[in-house]
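Note that subunit A is present in both complexes that follow, paired respectively with subunit B and with subunit C.
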Partner chain A sequence: MSKVNRGRGLLIVLFLAPSLLIFAIYRIIPILWNLILSFQRWKLIGIPKFVGFSNYQSLIQDPVFWESFKNTLYYFFGGTPIAIGVALVLSLLVNKPLKGRNIYRALIFLPYPITPVAIAIIWKWLYDEKVGLINFILKSLGITREGIGFLSSFTWALPAVIFTTVWQSLGYYVILLLAGLQTIPEELYEAAEIDGASGMRKLQWITLPLLKPSLFLCFIVGIINSFTTFDVIYVMTNGGPGNATEILVTYIYKKAFTFNEIGPAAAMTVILFLFLLLITMVSNKISGGEAGGVHYYE
Partner chain B sequence: MKKNIRFVFLLMILLVVGFSLLWGGGGKESAGPKSITLLTWNLPHYSDTINQWIKEYQDANKGVTVSWVDKKGTELPTYFQTQLAAGTPPDVIDIQGALWYQYAADGILLDLTPYFQKEPEIKNRFEKNILEAASNFGGKYYMVPFYTPSTVLFYNKILFKEAGLSEPPKTMDELISYAKKLTKGTVSGFLTLNFDWLYWPLFRANGVEILTPDGKKAAFNTPAAVQTLKTLAELTALGVISKVSWTGRWAEPNGEFGAGNASMLHAHLPALRAFQSQSKWANDQTIGVAPFPGKWSVPNYHGFCIVSKTKHPDVAWGFVKMITNDKWATTTATVLGTLSGNSNADNSLIKDPNFSKNHPVVAESFKVALSVSGNLTGITRSAKDAQIKDAVYSNIQKALFGQMSAEQALAEAEKAVNRILAAQ
Partner chain C sequence: MNRKLLFRLIDHTILITVSVLITIPLYWVLKTSLTGENLFNYPPSLIPKDPHIYYFVDVYYWIPFLRFFFNSVFVSLIVVIANLFFNSMAAFALRYSFPGKKLLILFYLSMMMIPFQTTIIPAFLITKYMGLLNSYLGLSFPLASTIINIFVFKAAFDSIPGSLFDAAVMDGMKEHAILFKIYLPLAKPAIATNIILTFVWSWNNFIWPLIIISNKEMQTLPLGLSTFLSYFENTSGQMYAFVIMVIAPIILVFFMNQRRFISGIISGAIKG
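Coming up: the complex of A and B.
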């Protein structure tokens, strides 16, 4: 390598170094430390003690771990597909040259930037059994005679929380899908129209296939959100009633900071990470590899 | 290019290690003035008094600086644990309930037994039953009582009169029959707080213990417990016991009672101000206070512990001694409206005619709480108290809301608790 190239390379690396340093301190080192902690028993003071796989063993025997895992899967499968489906419909609608579509786009996106804690507090009030707006409407319409304790009900608590997060995340998915729709060449639709294709056929054979990368991205974001949502559940139900809304992330927090079991909490985050990695790899495979990428052939 | 990347990567590692050595190093006695930090549990409304404590201690001990950090209850354990992990814990911490058992078991808290032995007059300041419940773990003392509420039965005299009841219930059968009589429309007969074992007198009054005397096994899965749980579930389904008893934590139950939606509230002393502040009906003439049937009471004490990693244990001890003396304990009891655990302070307030005249319900609640201080329940003395509590309550809740039978709920809870205890 010539001296000039070496010098340039060093300059590039030195410019990258501060960001890489921050990345190493706040991402790489905590991840590695967490992995090490998952094999230790640590009482927050003194030297951690190596315990092998016993933290993982204790999780396997813990019924609340399995319940929280099941709830997390329910949270994902019950929320993300619905959110993406509704977002797809909304994005197709607001992609059309409608009057006032910018206002519709703004209204759809509005909940997303609001802090999740504020969203949780607002929806907690909306769901309230005695003074909540939802029960007021249901009783006014004669659908129910008494208020429904959405957040205190073992049946309704998790669906109620899922609905809240779907409502909040819709705007983000719409933005992603809208961006994807903008990249579809108009000529394809024109050519299809000339060939006499109906709206549904255009959707089926042009829009959806070419939207695959955006849909894949929404799916991955949805997975990550469902497996890492903490604040909404913590504020609305704190995992209750019973363990009805306990998901992995809230149980990790409980294990670490309420029960002071740092090792098992670290072990749970490792399991969570591996599961997310597995789902991402499987999704990538199902979508044809290359993160849902689409090849255009001339 | 590869060599450069390797060089930069090594440089990064060295920098990280270097920084951590500089910042992470602890245990060195700092030269210069002594400084301690006090961490309190949700006391922004007590700031004037705390600042006076700090001023008084600093004036009397030149060269000592006291800093104060206050955290909400939901944030304090997380904050404390992260500070411990970082090697910068506070020196004195105000802890609630049984949270400190785990810390004591893990060596995070300083054993105060030698201090009490050296200065028995400090130990003797406190009401014996309260001190034992608040501070004793494994035969050693770790906590100096700060404020010591325990549960009593508050009742709405107006609703009692309307139902033709002149006195509060004295037995569990009376409690249930009164609650049924007082249930009308959207108004429930009975409401309880549920966190930190506060609901446990409902079981203890029927002879149910949490753990065996040696603390090694669950003791609550008994026919009496099954019957109690069935009864509670039936009464909840009928609206006799408000559902908020099992789903709310602090704001909701106090709000319900304050709004007049329940006739009796089983709660500890701070609830009085909480529900009174949001109530139109609750005043000194309309609130009644009585012991829970069987005189069972659950302590939810606050006390000061000294962190074992403190660099100035004697300074911390001096500070804790001062802020729990008779003068400051009287202020605590008066301002916070709950017993301080300091015998002189609490008894002097009870005997003070002005206090009784100006705060009749508070004075009455002090008398009731003191009268039941020998009948405390809901104490596991287990380092795994938080997990045991969670395992029991989450299963009990399922039975209360008809998700599973009482037998199954208690069996599941027993299995979970025995597993937790065996893993210790």
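Coming up: the complex of A and C.
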């Protein structure tokens, strides 16, 4: 039916142009330009000089780079599995025909869309050594005598920041898993009940296997989020104490926009990008192209 | 039967505990913004004593709050409107068949995998060379069209029967008018998803304004909030009043239409 005539061709081009222009300017050109910058020495003034792989070499010798890489991995492995585990339990609970389950769902989801900068400020204060609510509770319960300076401690700073992101993203995983649970046909459970299967059995043989794609999606979202978080860390600790909470994105920002060392920052961005690309490709392979798909709640 | 009741009790206990743990930080901030009390008085009281709005008034006078608020609203408005137009137009173009369409969709999908954080250095340079640092256009440009929302529109348009399109053409309607007069009115849920997602992304955006805004007058609310934190470290009542003022619009939109809000946010799993 749709014969591509000239008027129609023009319409297609004109309708696609605005969004494509934006993607070209803010995605395609930056990725390519960033690659070029990673091979140059440039401090934002003067003319960039090609220096081969020396930016990458300097990164390999930079202990802070390795620490932020390690912290990024820690950030993911320390937070995401716990968050998904807790979310799984909660999603099973709010999927039951309980009274008020819509209220529970809403409350658990509530922190997710809230401005991360605001979340960071709230938690910075909850963790405060002198006036923070958490230290108050710990002291009243007799767990500690002195307040703990969570965000200024080398031991506690990273777990504390991770806990904040878990708190914020929990509801997101709950709703994502809930959407998965609701696609499981009721008849499967009925059949299992006729066969006399217990609740545990049903969870093990029906729910979990059929929930795999949703769990997988949570996992992917978790990886991408932990590799691209910036706001919460920047506001809560700015990478400190020392470099205890420095992650790749905050270090890239510092290198580029505080020290104007564009070359190493660009090289680090290339590494981050390749790492993310690898993860998405591997996960797409494992899941058979399911990851990153659009899921609807309704 | 008694066993069932016990189980239900356990379920509710867990859910209530979690709900309280999740909401208490937000409640605490609201309370402090109204009283300031639990910063100095221990043990803190659970219910606000003598609430007042002076901290909110302070915020209004201490910083150009109205200016920041206007900046945030204006940028979000540009972003939301641009997305509605650009995304629906792209999705409408995708309902035709044309050479290279498959490749284009593949191109969109692969661009979705590029997180904004991996583009910040050149994006900053490009914005600088376009002369858009410290400007509303510079703030809103990178978010002016989002791929996930193109697909949200595409899914909605795909469910509209083609016969409707043909009938409109037969009646002599211009094809571009069909988008605005027939398709968009039939795609209200997709419009809602677009508005919610892009509003939240734009309102919460921090790293981009942090990079391209150096003029205090042009700060958006999250940027103003983080600057406030570094200037007024020990003024907590005002600080939390400011926090409440920044997050209130999001929470308001959330409670206005919870279902649509949650499903909208979920569909934007990965920002893109």
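We adopt the following convention: the second predicted complex is superposed on the first by the 265 of 298 C-alpha atoms of A that agree within 3 Å, B and C clash if a C-alpha of one lies under 4 Å from a C-alpha of the other, contacts with A are read in each partner's own complex, and residues count from 1 in each chain.
Just so we're on the same page, a contact is a pair of C-beta atoms (placed from the backbone, for glycine too) under 8 Å apart; a residue touches a chain by one contact, two chains touch by 3 or more.
Owing to the predicted nature of the structure, the values given are computational and were not obtained by experimental measurement.
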*Answer with first, second, both or neither: which of subunit B and subunit C does A:A191 touch in the superposed model?*
neither
*State whether A:I143 touches subunit B only (first), subunit C only (second), both chains, or neither.*
neither
*A:L126 contacts which: subunit B (first), subunit C (second), both, neither?*
second
_Applying the document's definition of touch, where does A:F154 land relative to subunit B and subunit C: first, second, both, or neither?_
first
_Superposed model, subunit A: greater residue contact from subunit B or subunit C_ = C
*asked:* Let me test your reading of the model: by the given contact rule, A:F257 touches which partner, first (subunit B), second (subunit C), both or neither?
replied: both
*Could you say whether A:I45 touches subunit B, subunit C, both of them, or neither, answering first, second, both or neither?*
first
_Is A:F109 touching anything from subunit B or subunit C once the two structures are fitted on A? First, second, both or neither._
second
*asked:* According to the stated criteria, A:I29 is in contact with first (subunit B), second (subunit C), both, or neither; which is it?
replied: both
*Return first, second, both or neither, reflecting whether A:G9 touches subunit B, subunit C, both chains, or no partner chain.*
both
_Overlapping contact positions on subunit A, where the subunit C interface meets the subunit B interface_ = 1, 9, 16, 20, 25, 29, 256-257
_Residue numbers on subunit C that touch subunit A, as the complex places them_ = 8, 11-12, 14-15, 18-19, 22-26, 28-29, 38-40, 42-44, 85-87, 89-90, 92-93, 96-98, 104, 111-126, 141-142, 144-145, 147-148, 150-152, 155, 162, 166, 175-176, 179, 200, 203-204, 206-207, 210-211, 221-222, 225-226, 229, 236, 239-240, 243, 246-247, 250-251, 254, 258-259, 261-263, 265-267, 269-270
_Of all residues in subunit B, those that touch subunit A in their complex_ = 1, 4-5, 7-9, 11-13, 15-16, 77-78, 81, 84-85, 102-103, 106-108, 186, 243, 246-247, 308-309, 384, 386-387, 390-391, 394-395, 397-398, 401, 403, 412, 416, 419, 423
_Contacting residues of subunit A [partner subunit B, same complex]_ = 1, 6, 9-10, 13-14, 16-17, 20-21, 24-25, 29, 43-46, 58, 61-64, 129-130, 149, 151-154, 240-243, 254, 256-261
*Show which residues of subunit A lie in contact with subunit C when the two form their complex.*
1-2, 4, 7-9, 11-12, 15-16, 18-20, 22-23, 25-31, 33-34, 37, 89-90, 93-94, 96, 98, 102-118, 121-126, 131, 133, 136, 140, 167, 170-172, 175-176, 179, 217, 220-221, 224, 227-228, 230-231, 234-235, 249, 252-253, 256-257, 262, 265-266, 269, 272-273, 276-277, 280, 292, 294-298
